[in-house]
Amino acid sequence: MAATSPAMTDRDFRDEELLADVICRLIGDVRHVAVGAASPIPATAALLARQRGCGRPYVSLLGSRAHTFFTDGARELFDCAGQGRIDVFFLSGGQIDGEGNINLVGVGNYDHPKARFPGSFGSAYLYYVVPKVILFRLEHSRRTLVPKVDFISAPGGSADNVFRPGGPVALITSRCLFDFDRDRRRFRLASVHPGHSVAEVVENTGFDFDRPPEVPTTPAPSVETLRLMREVVAPQLAEVYPQFVKNVFGIAATSG
Amino acid sequence: MAATSPAMTDRDFRDEELLADVICRLIGDVRHVAVGAASPIPATAALLARQRGCGRPYVSLLGSRAHTFFTDGARELFDCAGQGRIDVFFLSGGQIDGEGNINLVGVGNYDHPKARFPGSFGSAYLYYVVPKVILFRLEHSRRTLVPKVDFISAPGGSADNVFRPGGPVALITSRCLFDFDRDRRRFRLASVHPGHSVAEVVENTGFDFDRPPEVPTTPAPSVETLRLMREVVAPQLAEVYPQFVKNVFGIAATSG
Amino acid sequence: MATIARTLDDALEPIADGCVLAVPRESSGVPMAATRALIRRDVRRLHLVALPTSTLQADLLIGAGCIETLETSAVSLGEFGPAPRFTAAILAGAIRMLDATCPALHAQFQAAEKGVPFMPLRGLLGSDVLAHRPDWKVSDNPFATNDPVVLLPALKPDVALLHAPLADRAGNVFVGIQREFFTMAHAAQKTIVTVEKIHDGDLLHDPLLAAGTLPGFYVEAIAVAPRGAWPLPLPDHYGIDAAHMAEYARLAATPEGFVQYLDRYVHEKWAA
Amino acid sequence: MATIARTLDDALEPIADGCVLAVPRESSGVPMAATRALIRRDVRRLHLVALPTSTLQADLLIGAGCIETLETSAVSLGEFGPAPRFTAAILAGAIRMLDATCPALHAQFQAAEKGVPFMPLRGLLGSDVLAHRPDWKVSDNPFATNDPVVLLPALKPDVALLHAPLADRAGNVFVGIQREFFTMAHAAQKTIVTVEKIHDGDLLHDPLLAAGTLPGFYVEAIAVAPRGAWPLPLPDHYGIDAAHMAEYARLAATPEGFVQYLDRYVHEKWAA
């Protein structure tokens, strides 16, 4: 079914597949992963994790009818997270800064912005209560990864007296993977994707971050992982992300 | 269907039928009447009102599957009342006092009671928010209608700064009908049921109340009202009140 | 993920002595087979929360000595009269009673469901229900002036115990319009459900069934218990067993009669 | 009691200029036929509350000049890119924006549903979402020490406007798992629903349908609008019209293109 070449090697993968594989490892062994709107790569990763885990974790894709375990309306995701039942969620940002603050609202002054993003969605809540929030931003530039966000949709850390069981654990971009140290509120370069360099990451990152003396290369997805993604996961994604599945996996969307 | 004698006159009615007729008039022209647990006579009155009103008001009987318009679980009645959508509700009391306070909990000291009633049910909320609460207590004695209740499940009136769109409008007993004056927090004798007297009411009432110089007799239900109750309403009641329907209307309960 | 337990007793294992156990009202589907199994197991010191009221279930558990604290808005046998063991226990001071009012309990479960520490509620002010609940607080509504409002703390039971018509093998449970089952399962740490029968297929896949289905990830264990609400009703399935309720009311009127009832209907005839 | 309106315009009559209008998210059933009818009627100064987000609907109403205030958590066209008229209006300062976060809006509707003045919510502290909402307050949790919590005021829309699969002649509306429709209808003064078709029989009488049915007494008016969510999806009924969404994104990128879109799809072809 998947539009792959017959002779697959370890290098025959697309960036999206590498990122989904990385995110799948970050998800780990958990009970329930929820994926918000407009997040096709995290959705791929979550369904891959469920495929590998033989049905564990539960995966709820916002906007999906087939991949949802919610029957109590639009608020259930948030209630469920408030109950501590959502282990992993994904957030992005028009801007993300070195303290893990994310901006989904706009650039410049709030009342007279220079650019406007869609809005904060559920971030101003989920970032606080979901234990493992994985930040995801493909565009890795000084425009997106900034010293200080112009608007805090949700902060990377909170004062000690703020109820905050959740927060960021990592940031993945098209160039690299950062871990987040919650105590120090700082990112640390964890690995650089194949074909990219530490120097390039430094040059394109607007905030300071820690890095070990030796930065590993992000491991490529295995042949079996690629097969699972293309043959099993991709068709499941088509319901919510028809364009993405068509562009990345070459699968035509079925009509809704 | 109804077990009535063939030749019906105005006197051929039971006490329950008189009371249901009185309550039906108290209900008036409203949108939604809700009836709580263990209230067969108010339930008769509400269904009679709906029958007369050609489907208006909505009638929701707690515990009924056929007579309920609620599909959001056990809390919907209370939410609905909080929204101002329930116009009439019924409450009773092991004790009721002259200020309209009701006691559904017990007699004597709360921690060492001499008698215990089932409990306050929803009274401590509905009495405040439902505009027309009709108090209903068959036993009219100095034991039930007391100078001061031992436990206030819900007060008849509230301080000016308490949110209180609702409260009592009347108290109906086996002997008479009282109106309630919310401003003065006092009952006023409105009518005495056929076969009972003002003197008897005074003797059996533990609290002070107002009364006009001439106290009318509660009018008897019309032939048409009795027919509606017996032939149309009674069968509808059997689902929730099989014992009552059997005892009052002589209709055998169908199995559930 | 929910598992279909081999036996009812296996499913009930998480209900430990002393736990906070939430159960539903009579007209929603009361797990009576499970209740009898708990009495046979001789569970002790339960903090029973009946949302929002109870009938036979609370009375039976009280009579059998399983209850330390009862938190609810009312207990009676409805048309069959007062709840005799409840009344006797209160008069004897044998249980700790937390008198509530129905919407307050609903609000407390909803607070737990939403992961918020408390929920405001109108009403209550000036009542002795409020006066006897030091765990409930009066606060000023910050969005108005001179507007007191009651704040109720979130109620998070250890276990919610429910009876429903159907469950599938993935642990999804069809509860229909008994929506408080959702709130109870959301609020509780663990949820145990007895069902009339197992549904072949996935309850979430049928749009009609899905609308009344509690997803399996809220459910700890499921046991099949046909007529598991008996002698209480299961809406749309069976009605109350009026003759049995009358017999219970008669027997439970005395301690001796209650023991006879237990022998006849809990310990012997209905033993696993 | 709900009435089945003769025409869509008749049903929409309660939506007056300047009213607070609540609408649902894309994946629940957005009343797009009704939205086009409102634009044709040239409704003005709406305070639109999209629970919790919006896509084409808000963008179209903004572009057509119907919106004075927008209260929601995000507006975009999803896979089809940013919402161009929304973005342009914000940059031009043409609408008043109340930025929210999804669970805050849900909590505000739930407060109205429960008849309580406010609802607490976790999160939010330290965010600029909170900083720009003087109508939200920070309070101390009275059940703990040094535990700030945000309080959100009840949000009671004048009208909730929804699209659902079915309604019956008694005004009951089948909404399935789109439970936020319940909360919206409970919270709103009036609720107007467009439906794919009329169901013969009573939706409340079938136990399966009843579990997903909003009772008619919450509903002011119903109009039949087949494919009434088009080009947005109606769950379990039809998907999004991707080609149309791409065309919209392309045309609405400029004011001139947006006018062309209105002419083509709102004013002419689809006029009643």
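Should a chain be cited, it is by its letter among A, B, C and D, assigned in written order, with residues numbered from 1 in that chain.
As a working rule, contacts are C-beta pairs under 8 Å (C-beta built on N, C-alpha and C of every residue); 3 or more make two chains touch, one makes a residue touch a chain.
Because the structure is predicted, anything quoted here is derived from the model rather than measured.
**Student:** Following contacts chain by chain, what is the lowest number of steps it takes to reach chain B starting at chain A?
**Tutor:** Between chain A and chain B, the shortest chain-hopping route counts 2.
**Student:** I need the common contact partners of chain B and chain C, sorted by label.
**Tutor:** D
**Student:** Need the CA-centroid distance for the pair chain C / chain D, whole Å please.
**Tutor:** From the centre of chain C to the centre of chain D is 36 Å.
**Student:** What whole-number Å value describes the gap between the mean CA coordinates of chain B and chain D?
**Tutor:** Centre-to-centre distance between chain B and chain D: 41 Å.
**Student:** Nearest whole angstrom, what separates the Cα centre of chain A from the Cα centre of chain D?
**Tutor:** Result: the chain centres lie 28 Å from each other.
**Student:** If a residue has to touch 2 or more other chains to count, which residues of chain B qualify?
**Tutor:** 70-72, 78-79, 82, 129, in rising order.
**Student:** Can you tell me which residues of chain D touch two or more of the remaining chains?
**Tutor:** Each of 110, 114-116, 121-122, 147, 149, 177, 182, 210-212, 235-236 in chain D touches at least two other chains.
**Student:** Select the category (line, ring, star, complete, other) that matches the graph of chains linked by touching.
**Tutor:** Per interface graph, the chains form some other shape.
**Student:** All pairs of touching chains?
**Tutor:** Applying the touch rule to all chain pairs gives A-C, A-D, B-C, B-D, C-D.
**Student:** Touching residues of chain C toward chain A in the complex: what are they?
**Tutor:** Where chain C meets chain A, its residues are 1, 112-116, 182, 186-187, 204, 210-218.
**Student:** List the residues on chain B that touch chain C in their complex, please.
**Tutor:** Result: residues 37-38, 62-63, 65, 70-76, 78-79, 82, 104-106, 110-129, 151-155, 158-159, 161-163, 241-244, 253, 255-256 of chain B touch chain C.
**Student:** What residues on chain C touch chain D, complex-wise?
**Tutor:** 107, 110, 114-122, 137, 139, 141-144, 147, 149, 151, 153, 175-177, 207-212, 235-236
**Student:** Residues of chain D touching chain A in their complex?
**Tutor:** 24-28, 51-53, 72-76, 78-79, 82-83, 86-87, 90-91, 93, 99-104, 106, 110, 121-130, 132, 146-149, 177-183, 233, 235-236, 238-240, 242
**Student:** Sort out for me which residues of chain A touch chain C in the complex.
**Tutor:** 31-32, 55-56, 58, 69-72, 79-85, 129
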